[in-house]
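Let me give you the structure first, and then I'll get to my questions.
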Amino acid sequence: MKVAFTSDNIAGASDAVFHAMMEAAQGDAMPYGHDDGTAQVTAMLAELFECDLEVFLVSTGTAANVLSISALTPPWGSVLCHQDCHLLKDESTAPEFYAGGARFVGINGADAKIDPVVLKNIIGQKKGDVHSCQASAVSVSQVTEIGSVYSVAELQVITDIAKSAGLPVHMDGARFANALIALGCSPAEMTWKAGVDVLSFGATKNGVMAAEAIVVFKSSLEEKGLSFERVVQELGFRRKRGGHLHSKMRLLSAQMQAYLTDDLWRTNATHANTMMAMLQDGLKEIPDVVIETPAQANMLFCRMPLAMIDYLQKEGFGFYTGRWEEGVIRLVTSFRTPKEGVQAFIDAARRF
Amino acid sequence: MKVAFTSDNIAGASDAVFHAMMEAAQGDAMPYGHDDGTAQVTAMLAELFECDLEVFLVSTGTAANVLSISALTPPWGSVLCHQDCHLLKDESTAPEFYAGGARFVGINGADAKIDPVVLKNIIGQKKGDVHSCQASAVSVSQVTEIGSVYSVAELQVITDIAKSAGLPVHMDGARFANALIALGCSPAEMTWKAGVDVLSFGATKNGVMAAEAIVVFKSSLEEKGLSFERVVQELGFRRKRGGHLHSKMRLLSAQMQAYLTDDLWRTNATHANTMMAMLQDGLKEIPDVVIETPAQANMLFCRMPLAMIDYLQKEGFGFYTGRWEEGVIRLVTSFRTPKEGVQAFIDAARRF
Amino acid sequence: MKVAFTSDNIAGASDAVFHAMMEAAQGDAMPYGHDDGTAQVTAMLAELFECDLEVFLVSTGTAANVLSISALTPPWGSVLCHQDCHLLKDESTAPEFYAGGARFVGINGADAKIDPVVLKNIIGQKKGDVHSCQASAVSVSQVTEIGSVYSVAELQVITDIAKSAGLPVHMDGARFANALIALGCSPAEMTWKAGVDVLSFGATKNGVMAAEAIVVFKSSLEEKGLSFERVVQELGFRRKRGGHLHSKMRLLSAQMQAYLTDDLWRTNATHANTMMAMLQDGLKEIPDVVIETPAQANMLFCRMPLAMIDYLQKEGFGFYTGRWEEGVIRLVTSFRTPKEGVQAFIDAARRF
Amino acid sequence: MKVAFTSDNIAGASDAVFHAMMEAAQGDAMPYGHDDGTAQVTAMLAELFECDLEVFLVSTGTAANVLSISALTPPWGSVLCHQDCHLLKDESTAPEFYAGGARFVGINGADAKIDPVVLKNIIGQKKGDVHSCQASAVSVSQVTEIGSVYSVAELQVITDIAKSAGLPVHMDGARFANALIALGCSPAEMTWKAGVDVLSFGATKNGVMAAEAIVVFKSSLEEKGLSFERVVQELGFRRKRGGHLHSKMRLLSAQMQAYLTDDLWRTNATHANTMMAMLQDGLKEIPDVVIETPAQANMLFCRMPLAMIDYLQKEGFGFYTGRWEEGVIRLVTSFRTPKEGVQAFIDAARRF
């Protein structure tokens, strides 16, 4: 049996999602987000997050991230993020492009989470000095690039530092659902109640073909003395200017509606996380395998003998290796990862 | 009966297209364009255009246009286009954003087509003068913003001027199929054989939900002494940097495959153009209606009494008005416009 | 006798200016504008303009213009200016570069002055429509590119239109002194009292080697509900970011101090304007010479037989020709143009 | 006696320089670099560097650096430089602005010099991967930000790594003369013969008011298969576009001519370096003072008791402190630092 743990972006869409897409392809609808579906997505997200918010649908995670940040920083600012985050590692120079040439400053910290002491130190430096780029925004990744998850308390420490400096906070939630299931808290608790102002609410990695929502939280911004209206205005114009305003927006809104209906998004993420937990538990028992960072959501980095890697690949299992230190592999589960596939992988590793 | 002539972007997708999308949503596929479907789309377009080419799929027409041009101009250049083209009228400042702050110079000319005399004059000005932005590329729209179509001979005149100055030519083919059906020539004859180097091959307005192909023609660029490899390299990096590289690329490639299979794209455009011809013929006979620009493809601008406009809207017909001079309305047909709807519109106008 | 009417940028500096530069080269001074001279320039300009203001010294006119505008427009905005202004004709794509890819829209109007009817019409279009670039600022040139001068009343009409739309107004005053002398009003009357918010106060063309002041007027901005502090903050960071913050700022402040001392700037401009008036009066009497636009300051465009142009050039007179319609030449006088040189030119033209 | 070791940018200009400026202020000269002086500067630098080159004069060091790099990198590239270099520490986001949103990647290494092993490792990563920014240029600082100097052999190691990857090399030579005197080699040996392609040839910190030369070396670029003509073309247009093309260019060329005449530039740097050597020798003998990095040119970082810092400041000596770790001060000598001032500083420190 062949199973791929390559990434959660290799799986297609949940049945409910593509049925919704099919329906959306029928009949006429007003373009550019003036369809009924888009309005409903906003209403559904407002209910889910229990607050006033505004939503901008786009079709890629990079677009969601860089557009979000472009509305938060002046071009002479610096955006503080973890040195191993997706923005800095996997999005080419999209961040600088969209932010008009602002700088993205990588901060270190264990488990791919921003170290609050370093953050505080950097934020306090050279304020008002025209020679230095000015700390202007903070971006956190939830789930992080190595599969760890900030606790709500950890998030709060980061956002408090940002808040005391008047800086807005963006969350890259490409795997938002997986993080939420891992923490077991509410969407509100993991975002605006924890000081997050703008969220990339990812769906593409969790059962949707191509749909991400930029969510702007009103109360959070206003508590910092920042203008919700201005961020919303910037995003409206910048989405179009980036070429990310779909004419047949219903393609995106239909996917997002299905994703948010009947808790599909939670169900999918729960499955992915459960499969990862099973995988991790199985691998832990194998003497030659070393878990690098304990997986909290649906991604695991572990280390194994090169011969074991070869063997597993020859057996037909898919995963990335060769991108990090020797012997390190990455395993990712998705809403569609079969339980038998996980078991087969563990068995094969043990067999070796 | 209620029919909308608002735009061709209000219609959804052809059956074959959404069936293909449904299939694409199943199973696993490699991300970021490494799926089989993307390779097949390139092969299909190479066959269709009868030449060496490279293809970059994106999900919006604006992205196709501005990415294409971003690979052709330095930031100190000027892109010459018609003053009423989509780039200048309907894409915010996406052109300047993607072209790094190059200038877009609007040229006049009848029927929304670039006047070759003006073009030649501007291209010849202040070459090498650092104070003046340097003519660096030409962009033509086929179909134009008012529904006219360049003949192949007209295109050739424009591209010859560009060629003699060593400038690359981009074609905004958001309605490529409609133009091709109108001219009755081959895709090759309307593009690289006529001196076009990079094409925005639109599909979204003609039966697809969200898929456009940037097509780069090798021989055309090389005849001008420009590097095909360099343009292709730039597009690869710039698509990612613009946030336009879809992870689940098969969503785009599946649509495009279906669109190109069994001549669906021609069938759809033929229907749209036929409906427009019928609409135009009907309206011509009505004394109070004045055709502004003879529709050659699927778009018509005409002038009618305000009371007639009100009447038609109250009867439930959809179309844009109030954006141009008083009394001017725009009518657009699509692959899905029903014949009875066209007849009903003509009847209603005549009845009034 | 050989005299050059080529441009006012070919003359060097007034004696007082280079003596001040010499003194500034002695001893130590704090860098980056923290020298005493820079503070004094601000005080002198505040007195001259009779209001609260902030000053940013730079060394080129293009820098003054494009930095000013960069602080006034978002990147999705459009800056409205005359189609023949310096920004659009002679500064490469510096405007788009500094404004982050905003668009510069050329408006027509007689005598190189913005037509208020056209301005009003454009400003009112498509407000809030994300597909269209949004009118965000207005820039006027005083003196214009063809040597005409807006009256205070004409300025007021333009700025009133801007004000009613909440848009800031920039004035390109590369030849500010020449315009002021022409109008005979006070600096305040020609700027903030007439609705100008940010001024490029030029000195380089009028007796200084390289020094221009960006002047930001507090009350004018605040009357429009715009933030003076924000514009000042943006300029501080953007000047550095543009590479325009001189370390030995006293080179610029010394020139500007000398320029503003003992009315040197008025004396110089009065001389240049007087020489132009004499030149114009002389040329008017010559049958073959046609004044294109009546010179109000120190620049004149006129038309003469090609043979006369040749003759004058052979006689050793310098001026630009061949850049406009056949037979058109441009004559510019400066603070240093000798009276005998003007007479000699008139005599030579008459002789021919 | 009060002496300032604050920076070499607080001293004014050498006598020969301001005399040259005075002369340049007389009479007429063609604008925008078409004056005779600019041509002579190019000839003088070609002789000095013993090779074919092109020169672009600008008035600030930041402009020289960021313009140089803007001509060498695509916007999807990354420029590799030391993490503590001036580009990253003291030029706001000018680098990203001019490079169109390329990324600047800080590399560590002892003594503020790029570690070649790290450089080689980074250059080799993810070549061609559209998700990663592509190593596109290398920038070295000579003198570095902490006063150390690369040996020619050290430079060669860095540039060889760049060359084997086909990457151009820029040198920030804001203190070029001080480095050259420290090494005792020829200008050619420290630049193009050592693999440097584009140089910011600083003069402002060494006896000039405001003049820097961007020097482009032909043979070096061509050995890497890069086009000299293209870099020169880019710089021509980009200097204007940045607002850095002076109309009265003779202000810059006159300074540079004087600077290069009669070895003034060497004499000035020799004095500054000698004063620093004397200062360092004196401080070494004082028990409480710890030299942080041995000064090789005209800049020294040392550590001393806080009470000693206070005492020296009260005695009237100027220097920066409080910007680095507690107790660290920076001392900089210039062409004008008096010997007695150095002695007085040593005496005061010893006395304490």
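First chain written, first letter: the chains are A, B, C and D, and each begins at residue 1.
Here is the rule we go by: a residue touches a chain if its C-beta (ideal position, glycine included) is under 8 Å from a C-beta of that chain, and two chains touch if they have at least 3 such contacts.
Quantities reported herein were computed from a predicted structural model and do not represent experimental measurements.
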Identify the chains in contact with chain C as well as chain D, in label order.
A, B
Indicate whether more than half of the residue numbers at the chain B-chain C interface occur in both copies; give same if so and different if not.
same
Candidate from A-D, B-D or A-B with the same interface as C-D, over half of contact pairs in common:
A-B
Just curious, how far off is chain C from chain A if you go by their C-alpha centres, in Å?
50
When the centre of a chain is set as the mean of its C-alpha atoms, what distance in Å lies between chain B and chain C?
42
Return the distance between the CA-based centres of chain A and chain B, expressed in whole Å.
34
What parts of chain B, by residue number, touch at least two of the other chains?
75-76, 91-93, 97, 100, 130-131, 237, 240-241, 245
Draw the chains as dots and join the ones that touch; what shape do you get: line, ring, star, complete or other?
complete
Quick check on the complex: what are the chain D residues that touch chain A?
75-78, 89-93, 96-97, 99-104, 130-133
Where on chain B does chain D make contact in their complex?
32, 74-76, 100, 130-131, 134, 234, 236-241, 245
Residue numbers on chain D that touch chain C, as the complex places them
4, 6-7, 9-13, 17-18, 21-22, 24-31, 58-63, 66-67, 91-94, 97-98, 204-205, 209-210, 237, 240-248, 250-251
